[in-house]
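The following blocks contain the structures, represented as structure tokens.
You will see two complexes here that share chain A, one where it goes with chain B and one where it goes with chain C.
The block that comes next holds the complex of A and B.
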């Protein structure tokens, strides 16, 4: 028997948790994408060996370690090195770092898939490199990269629950509090599952719409 | 297809001069000491078997391909390097030189996310800094002049190969270049679409544009070119007027190449 009364008591906290989760996801994903894009650009544009080597090591290290471990290093380990972060900044930084190599890989593949001829046509006309990137490479790249970008962004929604382990008051954290105080496991986990389902479904709908917009010119053959 | 009287307005054609140009890919030498004068306002056709280096040579003229030795001058300005054998030219200076050099590619290389109009207007806006409204006007005119006035809103995916290549020519010509490079502009086209592209090129030639054309269209080379250059294995083997090259090929390799071309084309009939 579910007790709906519980939600009268814990509702506000859960709602705040939802807000925090969505906030963390948006900021974390945006920053991870930005850093990933930067990494992809450096990987593509700077051929100096040491730079490539450092980049490789960074990508391998981040991809080779669990997110939880990275968060603990940031939150509990970094203060010993003099970097003291609150839970929220540590969590956002963690998401940024954790997501960046995956996004970098998606962007790298996407940029490599832009036909060289289209870039050469712009170069031959005297376009500046930044203009070529902004006006030609990014829009063309997005066509092939969007599905993977949406996919990994969805994966990141679910990684946000791990932020509860460093006391970021997101939905998982609030749900655990509720569980600990009421033992209402069914109600709280149901709310949690429902929320993520709706959240992910919304994102994938937005993603599909973006994909349609980005590829409209490929589909409008009459 | 009827074309407007003038594709270019007024052209101030540039000349080009190549001296001892060499290009290496590792050990392989793709260009061997090529020296050549491209006279202003004339059509120079580069012919030769595939792999002979003619496309590589063409791409050196706007420095899309970096030559390793020698020099290439557009009018009297060296492209790609600050001096012969010297340091690489800065990006800004190279971009400025490239504004004068139009290029048309075998695969058209239109930008797929832009309409025909946007493809032509993009360079006007982003390179020449022309305001959008004016750039679109110029682009619409340029497309009308290549017979595509009714296709301005189409994306490349909704244009035939011949139409795409005409958009590509309009895109290059709208920038008001002083010399135009064509890299096998009809090789990717279905045979029935070749004529419309060659038609635009003929008009451009008649208007006094300096043109360098890598082509397998011997008919075009014979009838439109002022100079024909034959290359093989990275060497410039023969050059002359179309009459000299096609009617009286002194060189043994040139004669063999032309003979092969004639045989292939008579077999097709």
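The block that comes next holds the complex of A and C.
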């Protein structure tokens, strides 16, 4: 039943797909984190009502709708508004938007956990707001937020397969191409499932180790 | 440019397809609760084999993307001689996947139940089955209600993935309408707002339920 020749023949394409998967995951997660951090800062720093409303609506909308539908809106719908994106940029933008409210929530909770006394002390010593953020708030916030950040980043690895639905040539897409040409549906899907199982387990292990190290480092510094 | 008429014309059909979204996520959640409770019992059991099975189960279903799990069920089940309709396979797969998350939720809730309760139940001579069904699981369910409501919302969103096995729920229907009307922006946005509406209603019902369940 298992035809290993298939994997020899389609190996290069699958490896390329794996590369695209990892690339999308890393870039998408980094951008989502950046946007999420920005959202958390705005939510904390700008108290104007309309801004808060818009922020809330954005968060509710993104968290209340499926990632797949968001991708369809971006890839098939946005051209009507003049935003014509290729599959890959649309996918990366999709990941960024999809992940941002979750990361924003993690950062918000982390920033709220920074003891107010530390911020006041820094202010009393004449630190500039940007310095307080960079030298006090971010390192202290990271210690408490790291586990959640690592956790959500791992969740995002699994979301990258959904990018195949808008034809981003990641590993799922390449596997489906292979399946369509070879009719080896069950074998390919099984191998893909096992691959993801190992991949996600490995990433979680590495993630948790990094998280412990980073926490030690941050605690030593602060 | 933005055609509200398209939305108005197609909303009834799109809303009707929501019943499959609700069926898959609702039945999936129910199955997930049943399997999840069993996995949870296995995870905290004293038998190493049961614990190992629960660990493997949770790691597999949380490690493999649901999209791949669905395709796996769709392609693999017929090969091993199980011929079920796509809808049944989809509900079953969603249920199995939800069970992995729900078992972890329940396990967390179990930790919040004072140990003395299980010990007291043993002391008064309740059988293990009754300790679980009368003492531990009902309380675990109550404690984990907010997390379970959240899980249901996640499942409503995840049900969009069953399009890959050809079930015409909201997402699949919106694909069909979008390609027939050439109005993808309007149709996909409508689909998005339908999901949002469903989830807001579930969240509100959940808050209501939590208030009623409050100790």
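Things to note:
The rule is simple: the second predicted complex is superposed on the first by the 213 of 222 C-alpha atoms of A that agree within 3 Å, B and C clash if a C-alpha of one lies under 4 Å from a C-alpha of the other, contacts with A are read in each partner's own complex, and residues count from 1 in each chain.
Everything below uses one rule, namely that a contact is a pair of C-beta atoms (placed from the backbone, for glycine too) under 8 Å apart; a residue touches a chain by one contact, two chains touch by 3 or more.
What you see is a predicted model, and the numbers here were worked out from it, not measured in a lab.
Between chain B and chain C, C contacts the larger number of chain A residues. In the superposition on chain A, A:185 makes contact with chain C only, not with chain B. In the superposed model, A:18 lies in contact with neither chain B nor chain C. In the superposed model, A:30 makes contact with neither chain B nor chain C. Of the two partner chains, chain C is the only one that A:60 touches; chain B does not reach it. In the superposition on chain A, none of the residues of chain A is touched both by chain B in one structure and by chain C in the other. Residues 62, 64, 91, 95-96, 98-99, 101-103, 105, 107, 109-113, 122-123, 126-127, 155-158, 168, 171-172, 175 of chain B are the ones that touch chain A when the two sit in their complex. The part of chain C that touches chain A in the complex is made up of residues 1-2, 59-60, 62-69, 71-72, 75-76, 79, 153, 156-161, 163-164, 170-171, 174-175, 178, 184-189, 191-193, 195-196, 199-200. Chain A makes touch with chain C in their complex at residues 60-61, 64-70, 72-73, 76-78, 80-81, 158-159, 161-162, 164-165, 172, 185-186, 189-190, 192-193, 196-197, 199-201. Listing the residues of chain A that touch chain B in their complex gives 115, 117-118, 120-129, 131, 135-136, 139-140, 143, 217-218, 220-222.
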